[in-house]
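Shown below is the structure under consideration.
To keep things simple, chains are lettered A, B and C as they appear, and every chain counts its residues starting from 1.
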Amino acid sequence: MSKNKKWYTLDLGLNKKKNTTGSCSCGNISENCTSAKQELSADEFYKAAVNASIGEERHKDGFDQVFDVKMDRRNAFKKLTASLLIGAGAVSTSCSIITGDDTKEKAQINWEEQFKGNYKLMTDEEKQGTIDRLMRSYELQTGKNISMTAENAVANVLFGYAFNISKCQGYMNCVSACVEENNQDRNSQMQYIRIHEMKDGEGFKFDNADDNYYHEVPAEGHFYMGTQCFHCDNPPCVDVCPVQATWKEEDGLVVIDYDWCVGCRYCMAACPYDGRRFNWSKPEVPENEVNKNQHYLGNRMRKKGVMEKCTFCVQRSRKGKNPACVEACPTGARIFGNLLDPNSTIRWVLENKKVFRLKEDLGTEPKFWYFMD
Amino acid sequence: MKNKEITYHLLILLLLILNSCKEKNKYHTITDKIAAESKPYHGELSSDELLADIPLIKITEGKHTFLIPERKGQIQSFACIECHSKPVSQMKGLEKQKAHWNIKMSHANTDVMNCASCHNGKDMNTLHTLTRQPVDFNLSYKLCAQCHSDQFEDWKGGAHGKKVAGWTAPRASMTCVNCHNPHNPSFDKRWPVQFNTQKAVERNETLDH
Amino acid sequence: MGVFKVFKSLVIDSLDTITKGSKKYHIWMGSLTLVMLLGMYCYTLQLDQGLSVTGMSDRVSWGLYISNFTFLVGVAAAAVMLVMPTYVLKDIDFKQAVLIGEGLAVAALIMCLAFVVADMGGPSVLWHMIPGIGVFNFPNSMLTWDVIVLNGYLFINISIPLYILFRHYQGKEAKKKVYVPGAVLSVFWAVGIHLVTAFLYQGLQARPFWNNALLGPRFLASAFAAGPALIILVLAVIRSYTAFKIEDKTIKKIALIVTVAAQINLIMLVSELFKEFYAPTHHSESAYYLFFGLHGKNALLPWIWTAIPLNILATIILTFGVLRNNLKILYFCCFILFVAIWIEKGFGLIVPGFIPGPYGKIVEYLPTGIEVGVTVGIWALGAFVFTILAKTAIGIELGLLRYRNK
C-alpha cells in the first residue's frame, strides 16, 4: 500500500477564501458560503473538481488541510469516472444557483464522505476530519448535535470478556441496554446479544435452546447462556473481507468501518458465532432515543446495506467504562476487563475458574470465556 | 523455447501462491499472547472520574484491595440507636414496635438464622459475627462470608458480583447487600424485559410451496 | 492507424448485423429487452428499499443471486472444454464450436459480475474494491482472488475470439503463434476460476456443509457437465436457425465430455452422501436438512428431489452410446442435466450451507418476486449479450461480414 492518502477533496469553491484561523470548523465554511462569487456552472464545477483532484498549487485551508491530496492525474481521472454516477447528484445540487448554503454544504459533506478513504488507514487528523463532517451532517439533517469521538486503541490493553453461566437468569436486561446504547435498528429489532435458554442435563444443545423465550425467568430446570461477537484473536471474518472494511484493533476489538463496507456479507458467512448483523433496510431509531455519545467505529448511525456488530461498546470501553451489557446485567454474570493486566478481575477469573470457550476447535481464539461457579 | 516460457510462467504463479499464505499470528493461542504481553496497567485510563460522586470505602481482604460502596449513609433510618435506645427485649410491647413490619425473613430456616444472627442486640448500630464480634454496617460482607465462603472467594477475586463503574483501576465492586436483600437474598422470578417479535415471526414461518 | 480503421468498420458492421434479422430474431431480442427492463425495475426497488425486499435474512445471508453466480462461474469455466482440444490438441472438429463456447463464457461472466453487483448492499461504494483506488485485501480474502481470476478470464475470453474474428474479418488467417499461448493460459485459468470460487466457500470453517475437501473437485466435475450441456443446446439452436454449419460429429464429441463429467460428478455425489449419512455427526445437519428436512422445515425438499433423479436419469441415459448418439435424446438429456445441476450447484449448495445457523437455529429461505425478477433480468442480459456476440461471430465466420477497403 502506498503511504499516500487515497482520496481527494472536492473543492466547490467553499474553501477558496483563505481561512485565517486555519480551523476546519463548520461554522467558518458556512460563512464562506455566503460569498456570492461561489456559484459555479456545471462546467466550472467539473474543472474545479479536476483541479482539486490533481491538486497543484492549491491553497491549503479548511478541509484541504485535513484531506491533504497526493494523487496523480491518472488516479484522479480514474476516480472521477468511477464516481460519475454518484457525482452527478452532488453536482446538480451543488451547482444550482437557487440552492441554499446548507444544501450546498450538505452536498460537499456528502461528496467528501462518499470518497473518503478507509478509516483503518487514516491518520488521526483525517479521523478527526471525518467525525467533524459526520457530526455537522447530523446537525444539518436534524438540527441536533451529537458528540462523536475517534479514540484509538490504548496501549497495553487487550479487552476480554467472561460470562458466568451459573449466574445468568435470563432477564435480558443486557439485550435492551445494548440496543439502546448502540442505536440498533428498531424496525427489524436487530440485537447483537442472544440469550439461549438451555435445558439442564442436556448439555450445550444450542439447537434445542430457545433464544426468544417470553415467560417468567429463570424457568424451572433451565440455564441461560449469552452469545454475541466474541472478538476472536484470529477472526475469520477479518480475513475474508475483500476491502479490509473490518479489522482487529490493537486492543483486540474487531471493528467495522461502516462507510467502507460494500455489503457483500462474506464476513457473515465466515463467522461461526452468529456475531454479525446486516442492515437489510435503512436502520431507523426514533430521534429522541438516539444515543448521542458516539464513536466512529461504534454506535454511530449506520446506513442500509452495511454490516454491523458488537464492538464491546468501543465508545464506552475506550473511555474506561464497562460495556452497556456489563453495566445492565442485574446478576453480575458479565465480567469485562483488560486481559494483559495481571491485577484485573478478568485475569483472576481466567486463572481461578474453570473456563471454556465455544467452538474452540475452529482455531478462532475467541476472547470471550464462559465459566461456572 | 515454448516449454521454457510455460515453465517460467508456472514458476511465477507458484511463487505468487506461496507468497500469499495468510499472515501468521505472532502467538499460537490467545493464552500465549496474554502470558507473553502481561503487564500491570498503569495507563492514562482510570475510573477515578467515574467514581468521584460515589461514596466508597477501601477494604483489604487477603491479597485483594479494592473499593466497595459505603453503606451506612444509604440506610434510611441510620443510626439505629435513635430508636433502639434500649435492648430489643425491653422494647417489646412499646408503641413503635411495628417499625420493621415489612421485613420478612427468608434466609435459611428459622432454626438456623434469626435477626440476632447478624444484628447486635447490645449495640444496634453494629452487626455481629457468629462469635459475637461486632462488625461495622459498612463491612457487612464479613457476615455473609461466614457461611458463603465460596462466593466470598469469587467476590474477592472479581468473579462474583458487579463492578461499580469501569474496567480500569481503581477497582470498585458492589458489596453483597447492594444486590442481595440480606433478609431475602435470592433473586425473584420475573419476566424478561423484552421480546423480539420479528425473530418470532422469522422462526415460525414455514415456507410452503 | 489501419487497425483502428478496421476496428471501426468492424463495430459498424456488427452493429448493422445485430440490428437486422428475421421477425423471429426481432421478437427474441424484443422480449429479452422487455425482461431486462423488468429486471431493472425490480433492481431499482431493491436499491431504494435495500436488500430487505429479497428473501434473505441474517440467517440465510446469501440466496438466489450467489447461487446463480456460483453456477455461472461453472458455465464460464466450461468453455475450456472446447478450447482445449481445438487449440492445443489441434482437433479440427471443434473449431466452429469454440467461438460459440467462448461467447457463452463471456456472457456467463458478465452475468456473474451482474449477480455479484446485485447482491451487494452498497453498489455505490464498489470502487473500494478497485486495486489502487480502494483497498484490496489480497491475498487474504478469497473474494479478491475471485475478482482477479474472473476479470482475467473475461479478458482472455474476449481477446482470443476478438483476435481470431478480427483476422477473419479482414480475410486473413489468425496466427497460431499469437492465440495459442492465450488459449493454453485460458485452459489453466478456467480450472482456476472454478477452484477459486469453490475455495470461497470451502475455506469457511464456520460452515461445515461447505468446509469439505471435495467441494472444489465436485465444482469442476459438475461445471464440465453443465457447461458443455448448455453449449450443445445452444449449438442445436444455432444449427437450426442459422446457416452456420456444425457437424453431428462435433456435437457428439461434446456429448462425450458431458457424459464423462456427469459420471464423475455422480461418483462424487455418492461419496459425499456416504460421508454425511453413514456416520452422521453434528456437521451433517445441513445435508440432513437439504435431503430430508429438519424439525419440520423442509423448503428445499422439492428442489433437491427434482435435481437428484434428473441427474441420475441423465447420466444413465448418456452412458449408453446408442441413446447418446440419438440427437433428440441427447438434447433432452442435456436439458435435464443442466436443470439438475443448476438446482444442485445453486440452491442446493448455497442455501443449506446457512441452515441450520451457527447455533442450530433454522430460518428458511425462498426468493421473493423481486429477487426472481432481478435474476430473470440478468439471465436475459446474458442471453442478449450472447446473441449479439454469436450473431457477429457467425456473420464473420460465414463470410457475410468482411472488411471492404475503400
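As a working rule, a residue touches a chain if its C-beta (ideal position, glycine included) is under 8 Å from a C-beta of that chain, and two chains touch if they have at least 3 such contacts.
On a predicted model such as this, the values are computed, not experimentally measured, just so you know.
**Student:** Among all chains, which one's averaged Cα position is nearest the averaged Cα position of every protein chain shown?
**Tutor:** A
**Student:** Tell me, please, which chain's centre (mean of its C-alpha atoms) is farthest from the centre of subunit B?
**Tutor:** C
**Student:** From the C-alpha centre of subunit A to that of subunit C, how far is it in Å?
**Tutor:** Centres of subunit A and subunit C (C-alpha means) sit 37 Å apart.
**Student:** Distance-wise, how many Å sit between the C-alpha centres of subunit A and subunit B, to the nearest whole number?
**Tutor:** So the centroids are 30 Å from each other.
**Student:** As a quick test, compute the distance in whole Å between the mean CA positions of subunit B and subunit C.
**Tutor:** For subunit B versus subunit C, the centre distance works out to 58 Å.
**Student:** Could you say which residues in subunit B touch two or more other chains, in rising order?
**Tutor:** Only 22, 203 qualify.
**Student:** Mark out which residues of subunit A touch at least two other chains, giving numbers and ranges.
**Tutor:** Touching at least two other chains: 188, 211, 239.
**Student:** Note the residues in subunit C that touch 2 or more other chains, in rising order.
**Tutor:** Residues 57, 140, 361 of subunit C touch two or more partner chains.
**Student:** Could you list, by residue number, the parts of subunit B that touch subunit C in their complex?
**Tutor:** 5-6, 9, 19-20, 22-23, 202-203, 205-207, 209
**Student:** If you look only at subunit A, which of its residues touch subunit C in the complex?
**Tutor:** Its residues touching subunit C are 1, 6, 75, 78-79, 82-83, 85-86, 114, 118, 120-121, 188, 194, 196, 205-209, 211, 227, 236, 239-245, 259-266, 268-274, 277-282, 303-307, 362-364.
**Student:** Using the touch definition up top, name the residues of subunit C that touch subunit B in the complex.
**Tutor:** Those in contact with subunit B are residues 57, 59, 138-140, 181, 184-185, 296-297, 299, 302, 361-366.
**Student:** Considering the complex alone, what residue numbers of subunit A touch subunit B?
**Tutor:** Residues 154-158, 162, 164, 167, 169-173, 175-176, 188-189, 191, 211-218, 233-234, 239, 317-322, 326, 329-332, 335-350, 352-353, 365-367, 371, 373.
**Student:** Spell out the residues on subunit C that touch subunit A in their complex, using ranges where they run on.
**Tutor:** 49-52, 54, 56-58, 61-62, 116, 119-122, 124-130, 132-137, 140-144, 147, 200-201, 203-207, 285, 353-354, 356-361
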